[in-house]
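Input: structures, listed below.
Two complexes come next, and they have one chain in common, chain A, joined by chain B in the first and chain C in the second.
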Partner chain A sequence: MIWKRYIPIAIVGFFGSLTLFGWFIENEGIKSFIDDDATQWYDIIASFAIFLGALNLLKLQFLKVLKRKAGWEYSVVAILSFLIVFVIGFFMRGAFVVDIPNTDIQSTYFTQGAAEEAVNHLKDSGIIASITPAQWGAHIQTEGGLFKWMFDNIFTPLSATMFALLAFYVASASYRAFRARNFEATLLLLAGIIIMIGRVPIGSLISSWMIMYLLVLVIGILINTYFRSRQLVFGWVALGLIGVTVLGSSMGWPIDQPAVFYLPALQEWIYTVPNLAGARAIMIGIGLGVVVTSLRYIFGLEKSYIGNQ
Partner chain B sequence: MRFLEDIIVKFGSVDRRVIFVLIGLAVLVPLLNPIDLAIRPTPSSQRVYDAVDSIPDNSKVLISFDYGPSTKPEIHPMTLGVMRHILSQDRGHKIYITCLWPDGLYMAKDALKIINEEYDLVEYEDYVLLGFRPGNEAVVKGLASDLRKVFTVDAAQKSINEIPMMEGVNNLNDFQFIFTGSAGYPGTFEWVQYGADPTGVPLSSGTTSIQVNEVMPYVQSGQLQGILAGMPGAAEYEKLIDTPGIAIQGMAAQSYGHVVIVLFIILGNLAYFITERRERKY
Partner chain C sequence: MDNKRVVIYTVGILGIVIFTFILSQFHIFNSSRSFMFIVLLTVIMVLFNEIQNARKDSDSIFLRDIPGLKAVEEAVGRSTEMGRPILYVPGIMDMNEVETVAGVIILGHVAQMTAQYETGLDVPVARAIVMQAARESCKEAYLSQGRPEMFNEDMVHYISDDQFAYAAGVNGIMQRDKPAACLYMGKFYAESLLFAETGNGIGAIQIAGTASQAQIPFFVTACDYTLMGEEFFAASAYLSRKPELIGGVKTQDTVKLMLIGLIIVCLVMRALFDLDIVSFNLLDMIG
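After this line comes the complex of A and B, so read on.
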């Protein structure tokens, strides 16, 4: 009980308080601990966390394969990929640089054998070359090395492909789910369309006058829907179209005036005014949440990290 | 009228594979046949440009590559643009590169390869690649306090003490400007909270479009000197430094992609309203 509960809680409480109050106490020792030692400890623990994460991943994938759960075949691929990258990263240099002295010419080979073969070929042609194995640690980023090759030719395209698929799913999902069902949904829909078109260059080609004409017609539809009066609709549309045309002619049809109807200006306003207000509210909420959770940890009220619910 | 409504309703229930093909075409065609579209810099991109432009001569600039290959098309052009801007002025700036993401190291190597072809830089004289360290915000906090405790060697395993351009560089206070190309956590937030705010070093950022909402408050409060927002931000920066690149080329594809999505949304809504009305009627 003492080792499993009280001591961990005491450690967290002590170091939590030290780190928190250290910001307000003018003491070189505490300041140095917070700024340097604590962050160094964090870095070391974070490095260990990578190993723990890798082990956890392997455990989960192995269990999936052993229990023949749905999609276990993918787990086999995951385990094999992990092991291959692990072995290549930790036990194979995979980068042997063949260098011709006094020139800029150099080439990197995956194996020592291939590099020696290249040196022998050069020797036959009367060129003396040397082999320099990449330094451990630097070998994973040596241009032409095996690890870098894998990163450039396997990981990068796979990663980019996964992210690119998002465009297709966003298109399909927004087509199905973006419906003007009520006032809030309509507002979201309009804001989404304005941002989507206003953010890209094609949006700056759409004149604010076109938006105004469209607006006149849309309001006409709304009047027709709610009042069912032909005279009213005709009157509004006719007056609206004439009004926009007269205003446009008098102003010389500038593409970005009036700015309130110009999509790039409108999207900038949405970004910087209503959106910012919402983002700030969320940030302040998160900040308060972080403060409360941290205090709960310091006072020993939050014990989920030692397995308590 | 009924016939037109039937067509719209039919389009409203189109198979998603059709949408995939159309999106694919909308993106592919402009990429294969580049179309020149006018790009207007937004105030936030202009602010990044002005911040980089106002860095004093012979400054030390820290660039952090906090992204991986998945967001490379969006963020890589921004970091390249900022690097080009810093170097094009030939004002004696030196570039220091860190990575909060493990694959950021490869992004940095790739960027340096491209930039080296254009500017013929000398490693350890014009730039140093410090590399990746695990620890997320703790790394940024460590850099703000004592860089030499976080990085004892650079990415090529060379001791920091043996690198001439590291002389006099002990923490973030020794830099005149920081730029982070960020795709999420750790990234812009951590640089603002643990790097720029405590030290007062000007910071700008380039992020994915999806992150802009969250980062914008920092821009308005002045904690962040502008933001390059997604691929449009990258294209705007390329326009500002007058070096057209992959982002400007990509904007036509993104434009048409967005237009197709918006058209489908409108079509879907029209079909929804027609169906609703018919259901109410019968």
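After this line comes the complex of A and C, so read on.
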């Protein structure tokens, strides 16, 4: 009980308070502990913990293969990939730099043999070159090395593929979100259209007068929907169109006036006023939630994170 | 806020201001951060007072219904009926993120429900430390429900530290196992929509909770229920009904009320300063 409950809570309380109140104290020792040491301790612990994760991953994949569970073939790929990367990262240098002295010309080879062969070829041409194996540790980041090659040519494209899926998912999610099912969804749809059109170059070519004409027609549709009166609709549309035309003629049809109907100005307003207000409200809520939740951990009021239900 | 609270907090804040003023006379105290120090001590004071009040009578504190949290039990029930597991994703960050800790805490409550209903639970994680914490949380939950035999430590398993490798792994689990319910509670980045859309595609009931502001719209769009920001942090209080935690929720609201008051006072003082009615700018003093 003491080891599993009280000591962890005491550690969290002590270091949490030190980090929290240390921010208000002018002391280099405390400052360096908070900014550097504590973070490094965490990194060291996390680095060791990764072995637990890796072992767990291997164990589950091996079990899947042994029990021939559904999709066990993928587990074989996972295990093989793990072992290949592990061996190359830990036991193979995979980066031998062939350097021609007094020039900027250098080339990296995966194996010592390939590098020696290249040096011999250069020797036959009368060029003297030297081989420098990459330092252990640095070998995984050496440009042209085996590990870096694998990272750039296998891992990065695979990650990019997953990331690229987002484009399709954004489209399908937007389709669902923009269906005008109720007032809020319609508002979202309108705001989305204004922001999208207002942010592209064609948006600045659309005159605010055209938006005003559209608005007159849209309000006409709404009047028709709610009042079902032809006279009212006709009256509104006729007066609206004449009013906009008279106003436009008197003002000389400037493309960006009245600014409230000019899409780039309108989208900027939506973005910086209602959107920002909503975002800040959520931010304040999140900030308070983080502070109060953190204080609960520091003062030992919340113990569920160590399994105390 | 009742009159008693107003008096307590007013006197408390005055005391804190005086205490901070005294501290600021010492070189060791960073006086440029005095205002933040006052705010911090005020939050602590409110927290302890509200917890004390909640311990006396927690029923008097009104907790509004949060549909997302009510739906958690519904989701577990649905999974039980369908005979399919529940997938719980505690975010992609490590235990140094308060959102991940909140996610692990909610996992404990979900695990209690799965233990009660005898439903499968699958928790793929992106960090080894989170794996250990989540295992401990689930183990305690199953023990507390008297079902230790149902706990299997491999129900919490590691996939990868890398964001998209983890996303690919979780999406693969979704496609193969077709969980009846998917819960996403923690810190998320771009993978949020990958999870939520895949979950939507397999027809799972989806509940998300995050304080990652940029990901909230994606979850709102693709999930059935979303706990936004502070709702996410209030979840453990809502689910456990412990006075200590309910007091924390009340603290958030009380401090929010104080902040609204402070914003109004600052606005008025700034207007008076601009009109040359007062000679000092309160915003400059706050820093």
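Here, the second predicted complex is superposed on the first by the 247 of 309 C-alpha atoms of A that agree within 3 Å, B and C clash if a C-alpha of one lies under 4 Å from a C-alpha of the other, contacts with A are read in each partner's own complex, and residues count from 1 in each chain.
One rule holds in what follows: a contact is a pair of C-beta atoms (placed from the backbone, for glycine too) under 8 Å apart; a residue touches a chain by one contact, two chains touch by 3 or more.
Because the structure is a prediction, the values reported are computed rather than measured.
Trainee: Tell me which partner A:Y74 touches in the superposition: chain B (first), chain C (second), both or neither.
Mentor: The answer is second: A:Y74 touches chain C but not chain B.
Trainee: Could you look at A:I197 and tell me whether it touches chain B, chain C, both or neither (first, second, both, neither)?
Mentor: First partner only, chain B.
Trainee: Between chain B (first) and chain C (second), which does A:L276 come into contact with in this model arrangement: first, second, both, or neither?
Mentor: First partner only.
Trainee: Should A:E302 be classified as contacting the first partner (chain B), the second (chain C), both, or neither?
Mentor: Touch partner of A:E302: chain C, not chain B.
Trainee: With both complexes superposed on chain A, which partner does A:Q135 reach: first (chain B), second (chain C), both or neither?
Mentor: First partner only, chain B.
Trainee: Once the shared chain is lined up, is A:I50 touching chain B (first), chain C (second), both, or neither of them?
Mentor: Touch status of A:I50: both partners.
Trainee: Report for A:Q40: first if it touches chain B alone, second if chain C alone, otherwise both or neither.
Mentor: first
Trainee: A:R176 contacts which: chain B (first), chain C (second), both, neither?
Mentor: In the superposed model, A:R176 contacts both chain B and chain C.
Trainee: Now for A:M162: first (chain B), second (chain C), both, or neither, which partner does it touch?
Mentor: Both partners, chain B and chain C.
Trainee: Which parts of chain A are in contact with chain B and also with chain C?
Mentor: On chain A, the overlap between the chain B and chain C contacts is residues 42, 46, 49-50, 159, 162-163, 170, 172, 174, 176, 279, 282-283.
Trainee: Help me check something: in the complex, which residues belonging to chain A touch chain C?
Mentor: So the residues of chain A touching chain C come out as 20, 23-27, 42, 45-46, 49-54, 56-57, 59-60, 70-71, 74, 158-159, 162-163, 165-166, 169-170, 172-174, 176-177, 279, 282-286, 288-297, 299, 301-302, 304-309.
Trainee: Provide the residue numbers of chain B that touch chain A in the complex, in ascending order.
Mentor: 16, 19-20, 23-24, 27, 37-40, 42-43, 68-73, 103, 105-106, 109, 113, 133-136, 138-139, 141-142, 144-146, 149-150, 155-157, 209, 212-214, 216-217, 220, 229-230, 232, 235, 251-252, 254-262, 264-269, 272-273
Trainee: Hey, which residues of chain A end up touching chain B in the complex?
Mentor: 35-36, 39-40, 42-43, 46-47, 49-50, 135-138, 141, 143, 148, 151-152, 155-157, 159-160, 162-163, 167-168, 170-172, 174-176, 178-180, 189, 192-193, 196-197, 199-205, 264, 268, 271-272, 275-276, 278-280, 282-283
Trainee: Can you list the residues on chain C that touch chain A in the complex?
Mentor: Spelled out, the residues of chain C in touch with chain A are 27-30, 33, 36-37, 40, 43-44, 47, 51, 94-96, 98, 101-102, 104-105, 108, 112, 127-129, 131-133, 136-137, 139-141, 144, 154, 157-165, 167-168, 172, 176, 190, 193-194, 196-197, 211, 213, 216, 218, 220-222, 228-230, 232-234, 236, 240, 244-245, 248, 251-252, 255-256, 259.
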